[in-house]
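Chain lettering (A, B, C, D and E) follows the sequence in which the chains are written, and residue indices restart at 1 in each chain.
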Amino acid sequence: CAKKPAPQQVVKIGALFSVTGPASFLGAPEAKTVQMLVDQINMAGGVKGAKLEAVIKDTKGDPENAISFAKQLIEEEKVFAIIGPSTSGETMKIKNLCEEAKVLLVSCAAAEVIVNPLAKYVFKVPQKDSQAAIKIFETMKKMGISKIGVVSSNTGFGNAGKEQLEKLAPENSITILISEVYDKTATDLTGVLAKLKSKKVQAVVNWSIEPAQAIVAKNMKQLKMGVPLFQSHGFGNIRYVKEAGEAGEGIIFPCGRLLVADLLPADHPQKSVLTKYKTDYEAKYQEDVSTFGGHAYDALMVLVKSMETAGLDKEQVRMALENLKGFAGTGGVFNFSADDHNGLGLDAFEMLTVKDGKFALLEQK
Amino acid sequence: MLEQTVQYILSGLTIGSIYAIAAIGYNIIYNATGIINFAQGEFIMVGAMTAITLSAFLPLPLAILFAVIITALLGALIEICCIRWLDRPSVLRMIIITIGLSILIREAALHIWDEKVRSLRFFTGNEVSSVSVFGAHISPQVLWVLGICALIVVLLNVFFKYTLTGRSIRACSSDKMAASLCGINTRNMVTLSFMLSGAIGALAGCVISPITQTQYDCGTHLAIKGFAVAVFGGLGNSMAAVAAGLIVGLLETFSITVMPLAYTDAISIAILLLVLFFRPSGLFGNREAGRLKEF
Amino acid sequence: MIRVRNLESGYGALRVLKGVSLHVDKGEIVTIIGANGAGKSTLLKTLASIVRPRSGTILLNRAPVVRSSAETIVAMGCSLVPEGRHVFGAMTVVENLALGAYIQYKRGKKYEIEEDLPYVFSIFPTLLARKTQLAGTLSGGEQQMLAMARALMARPGLLMLDEPSMGLAPLMVKELFSVVRRLRDEGKTILLVEQNAKAALGVADRGYVLETGRIVLEGASRELLDNKDVQRAYLGKEYRKINE
Amino acid sequence: MKRYISILSLAAVVAVIQLGSTLCGREYYLTQLTMAAYYSLVAVGLCMLMGYAGQISLGHAAFFAIGGYTTAVLTTMNLQAHTSSRIVSLLVQCGLAKPGTDLYGVAQLSLSPWIALGGAGIITVVIAIIIGIPVLKLKGHYLAMATLGFGIIVYRITLGTGLFGQADGISGVPQFTIVPGIAIGGGFANKVINYYIAWVMVICGMLLLLNLIDSRVGRALKSIHGSEEAASAIGIHIPRYKLMVFIISALFASLAGVCLTHYNGGIGPSEAGVMKSVRYVAIVAVGGMANLWGTLIMSVLLNYLSLRGYFGSYDDAVFGAILIGIMLFAPDGIIKTIRTKVEARVKVKVRE
Amino acid sequence: MALLEVNNLSKFFGGLKAVSAVSFDVPQGNIKAIIGPNGAGKTTLFNLIAGSIRPDCGSVRFKNSSIFGLPPYRIAQRGILRTFQNIKLFPNLSVLENVMAGMHVKGRAGLAAGMLRLPQARAEEAFISEKAHEMLAFFNIGELAKRNAAHLSFGQQRAVEFARALASGPALLLLDEPAAGLNTQETAQLASQIAHIRGKGVTILIVEHDMSLIMDISDEIVVVSSGQKIAEGKPSDIQRNADVVRVYLGEE
C-alpha cells in the first residue's frame, strides 16, 4: 500500500543518547552502534530506497537536555522517529512530547513505566526488569537459596530493579533480609556489605549498571563473604569482568545472548544476528560489545524492519511495529502487540556466569 | 559483634584514607596561592589513567613514577599557560579558572581514554586478597593508601615548616608583593606548588585506583569530597586533612548502620556543615590565621 | 648607586610619573617629598619593579634594570619597605624575618643570618618580645617595625623606605630616624619617602620635591629647608596662620 | 532613566526576535530561548548575591530544584483517592484543585499550580533562612564549601527519596494556567506565549534588581562586599542584609525552577547537581561578576547554545574553554571588556 | 554631662593585657585625644568602644545608656562613627557611593521601596546624594566623586574615609590616626577641618601620633601605655608630665 518513494529520499532518525556524562557507558556504545548500522544500511541501499540519516544528540544524561533536543528533533529536524534516550528518567520526560507530536519513540531504557501505562507511540527494547528478577529467583530456588540481601545503585535502573525484586520475592518464596541503596559513584562498599554479611544472607543480588558492580564483587571477596553474587542484566559488559578480575569468578546474572553468541547452537534464531553485530562492532571500534549497544541495535532495527514492511508513513510504521512478530534482535526475539510495546518474554534471558574471566552459560543442575 | 564493629572501622578507614589523600593536594596550592584548585580531582584521575596506560608496557613502580612526573608536568603546564602571567588575579577568578580547567581536563580525558572504567593492578596481592584483623577483613591496598598518606603528610609538614622553599610558598599566599620584595620568585613558587600538587594527586590516584577504579569523570566526586574534607580539617593543614578524612570515612560507614545508605553523603556533609558553624575555621584550623587570610 | 632618567609610569590609563629623573649615590640618604597622590609610592614601586615603567631608564649599579623582575632587584641589593607594611599576617614574627633573609639563604650565607637576627632585634627590641606572635595581630607600629626589620634581613645596599614613620609614636619616630642614620653610617644607601618633610630633610643629604608626577625641585637638604616654596607647602610655616 | 532605556531595548529585542523567528518560520528557536530565559533568572539572582553582595553560593541549583520539585510533587499528586477528605473537597470548592484526565485517560484530581507556587515560595524562604543564618556567617572558601555542601545534600535527597522519583525525577507535570488561555507548558502550540511569559519574568526581574542595586539597600549590600568591618562601622546590620539578598536570590532561582518544571513537564535530579551550580557561578563570573546585564547576556547565550546542543559531545569542553578564555583575557566579563576597548578606540579617534 | 563614659574597660588577648581597667570621660562637644606608644592599646580601645571586639569587663556608656557589648552596627546607629587605622574603604564603590553608604543609618527606604523605586525612596536618594556631594566638597575631593575608591592615593583615601564617617552626622567621631600619611600642610588642613566639625557640635575622640596636631586641637589628652592609662589632662600638662615624656614623647 506504500507509495514508491522517490530515490535518494532521506529519512531522518533522531537519536538521543547520553554519550558523555554519568551514563556515558550506556550512551557511548549506543551512539556508535547507531552510526555503524546507519552506514551499513545506506551502503546496502537504504530502506525502501530512502537513505537513513541519524541525527544523534548527546544529552549528557540530563532530562532538560533530552527535552530540548527532543523538541528540536521533532520540530526542526522533523525526524521520522526517535530512538533512545539511554536512561529511564530522560525517556519519561519526553514520553508525553512524542505522544503529543505523534512521533515514534523507541527507548533504550529499561524501566517498565515507559510502556506501562501504554502510550501509543512509545516502545522500548531492553528486557523487562521483572523478567530478569524472575530468572534470578528461579536460579536461586534451584540452588536452594531463600534468604538474600539486595544492594542496588541509586539510579533509575537500580531503583526499578530493587522494586521488582521486592515485589516478586514473596511469590517466589524468597526472603529479602536487607536491601540497601548505594551511590553510583561509590568508591568502596565494604561497609554496606559487612552489614549484609552480619545478616547472614545466603546470596547477594546487586542491581546496577555502573562500574560499581565490579567493586561489589571485589569487596565481597575481600570480606570473605563466601556466598554467591547475583548481578542484574546490567553486568553485560566484559569490561566489568575484567575490572573485577579474580573477584569476578562465579558471578551469576541473567542476560541477553549477545555476550555468549559463539556458545549458542547454530540453529538458534538469534545466532546469526548476534555474531554479525558482534564482529562488525568489534572490528569497527576495536572494543568489546556490550548489551547496551545491543539495545540501540534493536531499537533501530525494529524500526527499520517496520519501515520495510509498511513504507515511509509514520502511522503505518507505528502499526507495523505494533504487529512485528518473531523479530530476532540482540536482546531476544521480539513479539510486539497493541498492548505490549516491549515484545520480549522470559526466554529473552539466559543465565550466565563468569568462568576464567569470560562469560559462560550457567550450567543448571 | 566485635568483628562487626572492627569491620565497620576498617571500612571507614578505607573510605577515609581515600578522602584524605584526595584532600592533601588541595592544601599545597592553597598554601602557595590562597586558592582552592578545583582541578585537583582531575590530577588524581589523570595520574591514575596515565599509570594504567603505562602499566601495559612498564613494571608497576615505573609506570607510577612516570605517571607522577607526567601529572606534575601537567600541573606546571597549567600554571604556566593559565595562571602565571595573570596580573594580580582575584581569588574568585582563580577559582573559576580552575573549575574551567577541571572541565577541560575531564573532557580531554574522555576523548583520550573514552568513557570506560579501568583500574590499576593491586600493589600487593589481587582483587580477592585481604588481611584479617580480629576476624574482619581489609584489602592490603588500603594499607598502602594509609601508608602513603602518612608519608606524604610527614614530608609535607617538614617541607612547609622547616624548609626555606616551603616557607616561601606560604609567604606567597600571604602577600605576593611582599614576598617578591623579599627576593622570592613568586611565580616559580606557584609553579612549584602546582607541580607538587599534581604529583601528589597522581600518586593518590595510583594508589587508590585498584580500590575505587578510575573513569574519566571520577575526579569530580573525589574533588568534592576532598575539598569538603580539606575545609573540614582546616585549610592548609595536611595533618588535619588526614584526620578529617578518616573521621568522615568512619562517620559515613557508621551512618550506614542506622540510616539507608542513600543518605550517607547527605549525612556526612550535614555533619561537616554543623561543625563548620561552630568552628568556622575547620576542626583543627587556626582561628586567628583563618581570620587573617582573605578570600 | 641608582640613576633614573625620564621615567614614565602609571596604572592602566592613568599616567602617574611623567618623566622623572633622579639619582642616588652610594652612602647617601636621599629623600623624596611631595603631596598626596604626587606619585611617590608609585616611583618607589617602579624602582622596585612592582610596577612596570612605560618608558625611561633605571640603572642600578650601572646595570639597566627596567625589564627585571622584583626578585632580581632584591638580589641586586635593593630592598623596598612598602607603604602599608605588608607583613605576612598569618606567619610569626620570626618566620617573617627568616623570609626577609631569603636571598641570603639562597646564597648559602646561614652564618650571616644568625648574626642578623640579634642585630635587627637590637634595633627593634619590641619585636624580640613578640617573636612568636602572628604578624597580623601586631599593632600598627609594630608591624611597621617588622616590615623594616624584614627588609634589613636581606642586607640590602640600597634601602627604599615608603613613609616608614607613618603611625609611629614620636619616640619611635626619633628612634627610626636614628636607625636610618645608623644604617647610613654602616654604609647603606637610603632612599626615603616621607610626609614628615622636616624630619626627612633633617636626616637626608639631598632631597627631591615631586609634584603631580614631576620633579619640580631638587637640591641639598639645607637648601630645600630654606626654600620658600618648600617651606610653604611642606614645612608648615603657614600652619599657625590657618588655625588663627 | 538609563535603566529604563536599556530595559525597553531588551523588551524590543525580545519582541523582534519573536517576530523574526515567526516570519522566517523558525519559531522553534523560541523553545530554547524560553528555557534559557528561566536559567537566566537564576543567574541574575545569583549575580546579585555574588557580584554585588560578595557572597559566593556553590549550591544555587538546590534552590532551583526546591522550587521545581515542590511544584512537581504537588501538582502530580493525584488526590482522586482522597476526594472524600474535608480538605480536598474544600480545595476543590475553592478551585484550587482541579479534576481532569491525563494522557492515558486516568482520572486525576490535582492541586492547582498556584498552591504549588505559593508552597514553593514558602519552602524556599524557610530553607533559605534556615541555611542562610548559619552559612552566611562563614567567609571565603568556607562559605563556598558550606553552600556546596547544602547543594549536595539537596541533590542527595532528590536522588534518594522515593517521593522525588529518585534518579528518574518526576514527569507528567501539568501546565500552569495563569489566566485561561495563558499557560506555562511545553506543548508545541504554546511556544510563542511561553516565550513571552518567560521573558516578561526576566524583564521584571531585571528591573527589580537594577533598581535594587542603586538603592539604599543595594548600596548596603555592595559595601558588605567591600569591607564587612567598615560596613558594620557605618551601621549596617550585616547578617540581616546578607540574609535578605540570599532569600531574594533563592526566590529567583526557585521561581525559575517552578516555571521551567511546568514548561518541561518534569524535573530530574541533574537540575540540583553540583555541575549545575558551578555553571551558574561560572555564568555570573563570565558576565563580569557585579554586572547584571553581562550576566543576563552571557547566560542567555551560553544556555541557548548549550540547550541547542551546538557543541555536541564537546559541550562541557567548550564551556570550560570559554570559562578559561574569558577569565584569562576578559576578567571583567566580555561585555565590559569590549566596551572599554571600544571606548578607548573612540577616544583616540576623537583626539585625532 | 559627659557624652561617653568609659569605666574600667579591659580586654585580654590570651595572656596579653591589651587594655586594662581604663576609665575616662568624653564631654559633649570636646575633642579628646588618646596617645601612647605603639602597641599601647589605643586601637584596641577604639575597637572596644565601637563594638568591633567584645570587651572583657568594664562599662561603656553613651548618652547615658550602656553600649557595652553591643554589635558595631547598633553602636553606629546610636551615633558613634569611626575611621580605621588601616583605611577600610569599599573598593567596589565609587568615592561618592562610599560617602552615600556612610549615610545608611539616615535612610529609611527598605527592600521593597528600593526595588520598586517608590517616590519616597527616590526623594531620599536625591537628598543623600546631594549631602554626599557637600561632604566631598568640604574635604576638597569633589572632583574624585566618580573615581573608584580603590584607585586613590593614601591621602585621598583618608579623606574619603573621613567624609564617610562624618556623612551621617554622628554625635561622636572616633578618628584613628587621621593624620598618618599626610604632610604638614595637609595636616594643617585636617586640623582646621576637625575644628570646623567640632564647631558643628560633633564630639571627637582622636588617636594620633602627630604631637603638634594633638597639642593644637585637643581639649584634653589621655595617655595610655601597655594597656593602662598613665596620665590624663590638658595638653600643656601632658607635655610636661615626666612619665609621658619618658614612655612616649622622648627627651628633646
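Criterion: a contact is a pair of C-beta atoms (placed from the backbone, for glycine too) under 8 Å apart; a residue touches a chain by one contact, two chains touch by 3 or more.
The shown structure was predicted, so the numbers you read here are calculated from the model rather than taken from an experiment.
Give the chains in contact with both subunit A and subunit C, ordered by label.
Correct list: B.
Look at the interfaces D-E and B-C and say which one is made up of more C-beta pairs in contact.
Result of the comparison of D-E and B-C: D-E.
In whole angstrom, what separates the CA-based centres of subunit C and subunit D?
Their C-alpha centroids are separated by 52 Å.
Just the number, please: Cα centre separation of subunit B and subunit C in whole Å.
Using C-alpha averages as centres, the distance is 42 Å.
State, to the nearest whole Å, the distance from the C-alpha centre of subunit C to the C-alpha centre of subunit E.
Going by mean C-alpha positions, subunit C sits 29 Å from subunit E.
What whole-Å value do you get for the distance between subunit A and subunit D if each is reduced to the mean of its CA atoms?
35
Which residues of subunit C are in contact with two or more other chains?
Residue numbers touching two or more other chains: 137.
Which residues does subunit A have that touch at least 2 chains other than itself?
Residues 20, 154, 181, 183 of subunit A touch two or more partner chains.
List, in ascending order, every residue of subunit E touching at least 2 other chains.
none
Taking the touch rule as given, give the residues of subunit E at its contact with subunit D in the complex, in rising order.
For subunit E paired with subunit D, touching residues are 50-52, 71-73, 76-77, 81-82, 84, 88-93, 97-98, 100-102, 104-105, 107, 109-111, 113-117, 121, 124-125, 128, 164-165, 168.
So in the complex, which bits of subunit B are touching subunit D?
Contacts found on subunit B: 30, 36, 82, 86, 89-93, 95-97, 99-104, 106-108, 110, 220, 224, 227-228, 231, 235, 260, 262-263, 265-266, 269-270, 272-273, 276-277, 280-282, 290, 293-295.
Would you tell me which residues of subunit D are touching subunit A in their complex?
Touching subunit A from subunit D are residues 28, 31-32, 35, 103-104, 106, 156, 159-160, 165-169, 171-172, 186-188, 260, 264-271, 307-309, 312-313, 315-316.
Which of the residues in subunit C end up touching subunit B in this complex?
Going by the criterion above, the answer is residues 48, 50, 69-71, 74-75, 79-80, 82, 86-91, 95, 98-100, 102-103, 105-106, 134, 136-137, 147, 150-151, 154.
Along subunit A, where are the residues that touch subunit D in the complex?
Touching subunit D from subunit A are residues 19-20, 57-58, 60-65, 67-69, 71-72, 74-76, 87-90, 92-93, 95-97, 99-101, 111, 117-119, 154-159, 181, 183.
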